[in-house]
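Chain IDs A, B, C, D, E and F follow the sequence of writing; residue 1 opens each chain.
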Amino acid sequence: MTDKKTALVISAHAADFVWRAGGAIALHQQRGYEVTIVCLSYGERGESAKLWKQGATLEEVKAARRVEAEAAAQALDAHDIQFFDLGDYPLELDRDAKFRLVDVIRAVQPSFMLSHSLYDPYNTDHMYATKVAMECRMIAQAWGHNPGEKVLGAPQLYLFEPHQTEQMGWKPDVFLDITEVWDKKRAAIECMAGQEHLWAYYTNVAENRGNHFRRNSGGQAGGRNARYAEGFQSIYPRTVDEL
Amino acid sequence: MTDKKTALVISAHAADFVWRAGGAIALHQQRGYEVTIVCLSYGERGESAKLWKQGATLEEVKAARRVEAEAAAQALDAHDIQFFDLGDYPLELDRDAKFRLVDVIRAVQPSFMLSHSLYDPYNTDHMYATKVAMECRMIAQAWGHNPGEKVLGAPQLYLFEPHQTEQMGWKPDVFLDITEVWDKKRAAIECMAGQEHLWAYYTNVAENRGNHFRRNSGGQAGGRNARYAEGFQSIYPRTVDEL
Amino acid sequence: MTDKKTALVISAHAADFVWRAGGAIALHQQRGYEVTIVCLSYGERGESAKLWKQGATLEEVKAARRVEAEAAAQALDAHDIQFFDLGDYPLELDRDAKFRLVDVIRAVQPSFMLSHSLYDPYNTDHMYATKVAMECRMIAQAWGHNPGEKVLGAPQLYLFEPHQTEQMGWKPDVFLDITEVWDKKRAAIECMAGQEHLWAYYTNVAENRGNHFRRNSGGQAGGRNARYAEGFQSIYPRTVDEL
Amino acid sequence: MTDKKTALVISAHAADFVWRAGGAIALHQQRGYEVTIVCLSYGERGESAKLWKQGATLEEVKAARRVEAEAAAQALDAHDIQFFDLGDYPLELDRDAKFRLVDVIRAVQPSFMLSHSLYDPYNTDHMYATKVAMECRMIAQAWGHNPGEKVLGAPQLYLFEPHQTEQMGWKPDVFLDITEVWDKKRAAIECMAGQEHLWAYYTNVAENRGNHFRRNSGGQAGGRNARYAEGFQSIYPRTVDEL
Amino acid sequence: MTDKKTALVISAHAADFVWRAGGAIALHQQRGYEVTIVCLSYGERGESAKLWKQGATLEEVKAARRVEAEAAAQALDAHDIQFFDLGDYPLELDRDAKFRLVDVIRAVQPSFMLSHSLYDPYNTDHMYATKVAMECRMIAQAWGHNPGEKVLGAPQLYLFEPHQTEQMGWKPDVFLDITEVWDKKRAAIECMAGQEHLWAYYTNVAENRGNHFRRNSGGQAGGRNARYAEGFQSIYPRTVDEL
Amino acid sequence: MTDKKTALVISAHAADFVWRAGGAIALHQQRGYEVTIVCLSYGERGESAKLWKQGATLEEVKAARRVEAEAAAQALDAHDIQFFDLGDYPLELDRDAKFRLVDVIRAVQPSFMLSHSLYDPYNTDHMYATKVAMECRMIAQAWGHNPGEKVLGAPQLYLFEPHQTEQMGWKPDVFLDITEVWDKKRAAIECMAGQEHLWAYYTNVAENRGNHFRRNSGGQAGGRNARYAEGFQSIYPRTVDEL
C-alpha cells in the first residue's frame, strides 16, 4: 500500500480534466499510478450551452454531463472519478465541502495534484478551484485535522493548461510526452459530445505542445520525437539529487 | 564518449562558482559528470578589496585570485577550470570573446549550464554574464556557426543563487541535496581567503536551503533529511515522461 | 432594439463613477449609447467624512450621497442609475446580490463594461467590485442561468482610473478624448459637495491624460489636440479587422 | 496620550510573530513604543504537530500554544498580546471578527502595522491574514464606522519575512538592525518548544539579514556593523522631508 | 501621398515575418496599405539547418534564404521587402545600421510597426530586434536627426507571436481575423522549403487563434465566425473617440 | 569635509532634471546638501523640436539648451551642473565615458543618486541612462578601480518620475514634500522656453503628488498639508533603526 503511486485531479467542471490533463491521466495510469478525478461541479449551468439550447432541464443537463465525464474517465483508464455536485457559475465551497475534499486528498495521498491556472478572467470558477486546492492541500497537512489520520506530505500542485494561456498568465515549466496515450486522450475528447467545436482545438494544442517538447529536449540536435504533449506549471520547487 | 555526462558553469568572477554552485559541482562530479568552469574574469577590480587594501598590483591581484579559484575547483573535484581574463567592473565580451565561449560550450556539450540571476542591480557584471550565456547557447546551436562542428542540443540553463535573492527577483524552482558533498563545498569556501566574511554567510544559506529541501520533499510527513542544499532557477521548461 | 448600443458602469461607491468615468459616460451618451450605472453602495460609511463630521445619521448620509450621485448622473446625461445599497467598508455581495447584478447585466446587454482596478491596497471595496464584475459577467454568459433569457456576449471590461494609479498596478492601454464633454464632467464633479478637495485633483488628471492622448496620437508630428482625456485598462483582447 | 508611539502586529497563528518580527517588537518597545500583538488563532490544528503526535486534545494544544506565545511576548517585552481564537487551517473571519480587529486597531492607533506576505501557496492562512489586515485598516479609517470614535490615520503596513521568501514573492525594502535586542529575540524563539527545528533556521536568517544590512548601509566602504537584522516589505509609499 | 496607409515589419531573420505576421501583411495590403518588410539578416547561420546539413556555403545559404523570403513576400502581396544583411546569431546593429533603419522608417512613415517579443531566451536576436525597433522609432521622431526630413509620428509597435509564447512573456491584446487571406499566408508558408516541420505548426496556431477571435468577439452568443487569426501585443496605449 | 551631505542627479538630456527632480534638488540644497547634476547630453537632437523648427544648427541647439539648463540649475540653487555632451537619440557611453561618470560619482560621494525609470519604450535614452548609472555606481565601489581613490559606499538610487508613469512600470515608494521650494521649481520650469507645453503639465503633477503625500501621511485623519510633492522609486532596500 505504501508503494502505491497515486495522483489527484481537481476539476472545477465535469469536462475540464479531459482537455487539459487527459494525457497525464492516461499516461500515469499506464505507468502504474492510480489517478483519482474530483469534479467539483458538472459545469451544468455554464458549460453546457448545447444541452440548454435543446431545452434540457437542470437535472437532465447534470445527468448528461456525468455520463460524458464518466465515459471520458473510462477512456483514460482513470482509477476513480468523483462528483461533488457543488454547483457552478459560480462554484462555491463552504467549510464542509472543503473538508470533503480534504478527505479525498488524504484518502488518495497523491504523489502530485493537478488543477487550474491561478488566474482566469473568463472563468472565475477555474481560479477559485485552484485556490481551494491550495487551501485543502494545507488542511490535509495539518496534524490537528482529524487527528489520527495519515497527514499529507508535500505533493506538487501542477496547473494544467487553460484556454487562452497568455490571458491567464500561465507559463508551463514542464512538458509531458503523451504520444503513447494520445489515442486514449482523443477517445476521451470525443466523449464530449456537447463541445465538438473543441475537439480540433485541443488536438492542435497537443500537436503544438509536441513541437515544444521536441524543441526543449534538443531540437534539431537530438530532440526526442514526441508527437503529442501536455504542458504544466508547477507551484512548488522540486527536490532532486541531480540537476 | 557520447555517454559522457557534462556540465558547464559560467562565472562572471573567479569566486562566484564557489559560493553559488560549489555543491552542484562536487555532487555532479561524484555522480560521474565532468564539470567545466569558465571564469570570465578574475573579479580582480571589484571583488578583491582585501588585496587592494594590502597594496597589491593588478597582476598580483589576478594571480592571487587565480590561485584561490584553482584551489577551490580542486576541492570540488571539478573536471576543468578556464580563465578568460576579460576584465571586470565592467565585464564586457566582444564578438571574439563570445565565440571563444561558444567554442567551450561546443567542446563540453553540457547536459546543463549554470550561471547568474537575470537581474542584479548591485552587480551588473552578474546579469551581463547570464545575458551572454543565453546568447552563446543560441550561437552554439546554430548549424551555420563553424559548420561541421557538433552543434549544441537544448541544455537547461540554471541560475544559481545570488546574494540578496529577493532584490534580484530570483526564485528557485529546484533544490539540490548537497549533504554528501558539503565538506567539499566548505573546503572550497575556505580557499577564498580574501572573503572570509562570507564563509558563515554561505554556510547559513546551505543549512537553510536544506530546510527548504526537507519541507518541499514532504516536511514532517516524510521529507528527506537533507542537511545542506542549493537552489536553482530554471530558464527553460523540462521535458519528461512522468510528472 | 438590437441596434441599441449600451454600456454598464459598476461603481463600488456612489461617487466613484464621476471621477473615474464621467467623461466616458457623457461621451457615449452623446454618441447614442445608453449608459447604465450601478452603485453597489452609497459609500456611506467610508467616503462621506464631511457628512459624518457634521453629525449626520447613517440614513441621512445615504440620502445625501444618493442625491449627489443622481445629480451627477443627470449632469452626464446617463441613461440610468441604480443603487444596490449593499453597504460599504466592507462591501460584500452574497449569491442573491450577485444574481441581481447579473439581471442588470443581462437587461442592459452592454457593449462594454467599466469597473475598478484589479488591486487596491487602500480600498479593498474597489478591487472586490471588480472581482464581482468579472464573476457576474461569467454568470451572465451561462446558458443555464435563468434559461430562456438572452445570454451575454463578450463585452470588454475596462478598468477605470484609480487614485494613485501606480500603487494599484493599473496601466491604461487606451485613452479616450473627452474634450467635447468636459463641461459635463466638470459639472458632475461639482455635484460632489462632500469631496470638494478632489475637484482640482481630477481636473488635473483630465488635463494630463489629454497630454498623454496627444503624445500617443502623434505628438509634435501630428497628434490630435485633445485637451481632456480619460484612461482605461482592458482585461480582454480586442478582435479587429484592421490593426 | 497623543505622544504615545504604538505598533500593531497581526499574526495568523500564535507563533508567527516570534520568528518574523520578534526583533522589531523588542526593539520598538525599547525605543518607547507600545507594541500590541493580535494572534488570530493559536495555530492549533496546523502548526502544532509535535503536540498532536503526543496525543494532546484540541484544548490542550490551544492552551499549550497560548502559554508559549505569552512567554515569547514577555521575552520581547511586548506591551500586550491578544488571542482571538478564531481557528486555523483554514483561518476565517466573519464580519463580527473583522470588526473586533477594527476595534483593536482603533484602540491602538498604531504608527505602523505588521503582518504576513501577500502570497503564500504553502499556508493560505498567512495571506488571508494580510488580506484581512488591509481590509480592517480601511474600515478603521471610515468616519462612518462607529461614528465618534477616533478614526485611523494612514499607518504603514509592513509585511514581515515569510518562510521561503522567494516562493512568496516577498521582497524586503527595509532592513532593521536588531543587534541590540537579539538576545531577547533568541529567548522568545526558545519559548517555542514545539518547533525546536526552527531555532537554528531563524538564527541563520537573522545573521544573514545582518549581512544585508551591512551591505546596504555601505558595505566595505563604511557599512554599519549590524550583526542581526530583520527585513520588511512596505505596502504603501513613505512621505518624507528629505531623501 | 498623405492619404497613403503604410505599415512596416521589422524581422530579425528572413523567415520570421511569414509565420508571425503573414496574415497581417496580406490583409493590410488587401485593405490598401503598402506594407514594407525589413529583414535585418537572412537567418543564414542560425535558422537554416537543412541547408547546412546539405553542405551549402554561407553565400549559398543566404541566396537561398533570400529567394524563399522574396517568394513569400510576393505570395503575401507585400509592397516591398528589403534585406539589410547584417548577420545573425548574433544579430548586431552599429550606429550606421540603426540610422539605415531610421531612414526606412521615415521613408515609409508607417501607420503601425510590427516586430518580435520583448523577451526570448531561446533566440536573443529576436528580442534584440525589438529593442532596436523601439530605439529607431525614437530616433525617427527626433527633429534634430537629419533636419528637414519628415519626422515620424507615434505609430503603434505591435509584437507578433513568438514561438512558445508563454516562455517569452508575450500576451496578445488584439486578435486580427485573417480568414480572407489565409490562402495567401499558407502559400507564403509553403515557400519556406527549409522549415517544412513548421507548416502544420503555424496552421494549428492560426486555427486556434481563430478560436480565440470567436471567443473574444462574443463566443456562443454572437461571436464572429473567424476561422484563422493572428495575435499581437501592443506596446503603446491607443487613442480613441469611442470605447 | 566628511560631514558634507551631497547628492548626484544623472540626467540623460539637459532638461530632464528640472521636471522630474527640480524640487528634490532645491530642497536638499536648502537642507545643506550639495547637489551635483550631470547632463549626459543636451537632448539636442531629440528634445529640441522648437529650435529645429526655427532652423537652428546643431551647435546653436546645444548652446541654447545649455543656457536653459544652467539657468534652471541656478534657479534651483544647484551646487554644480556638468555637461558630458555625449550626444542623444541614441545616447551611448563607451568605457571612457563611463569612467568619466565614475570620476564624478567618486568626487561627489553622494548620499543618494537620482536617475530615470528602469523602462521607457518611448525614450530608450532614459532607461539607458539608468542602466549606466547602476553600472557606474558598481564601478565606483570597486577597490581596484583607480586604487587609492576613496571608493563609493552604498548610496540609494532613486528613480525620478517619468512621463506616463504607468507605461514605464514606475512605482513611487517615497513622496517628498517640496512645498517650501515650489517657487524655485516653477522658476526652473519656466527656464525651459522650448517646452512651454509642459509647464502646466508638471505643475499638475506636483499638485497631485501633493495630494498623494497628504493621503499617505494620514489623509483626513491627520495628514500633513503638503501642497506640492515629488515621487521617487527606490532600487535598494533601506537600512534603519526604527520602522
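FYI, a contact is a pair of C-beta atoms (placed from the backbone, for glycine too) under 8 Å apart; a residue touches a chain by one contact, two chains touch by 3 or more.
What you are looking at is a predicted structure, and each value in this text was computed from that prediction instead of being measured.
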What is the minimum number of touch steps required to go from chain B to chain F? 1
Going by average Cα coordinates, which chain is farthest removed from chain B? C
Could you tell me which chain lies farthest from chain E when each chain's centre is the average position of its Cα atoms? D
Hey, how far is the Cα centre of chain D from the one of chain F, in Å? 37
Note: chain C sits from chain B at a C-alpha centroid distance in Å of 52
Show the residues in chain B shared as contacts by 2 or more other chains, in ascending order. 49, 122, 141, 143, 167, 172, 212, 215, 220, 231, 236-237
Arrangement of touching chains [line / ring / star / complete / other]: other
Using the touch rule from the top, collect the residues of chain F that touch chain E in their complex. 44-46, 48-49, 52-53, 58, 61, 88-90, 92, 121-125, 167
In the complex, chain C touches chain F at residues 49, 122, 163-167, 169-172, 200-201, 204-205, 207-208, 211-212, 215, 220, 231
Residue set of chain E touching chain C in the complex reads 7, 24, 27-28, 31, 112, 141, 143, 150-154, 156, 158, 172-177, 212-213, 215-224, 226, 229, 231-232, 234, 236-243
Touching residues on chain C, where the partner in the complex is chain A: 95, 98, 131, 134-135, 138-139, 141-145, 147, 157, 235-237
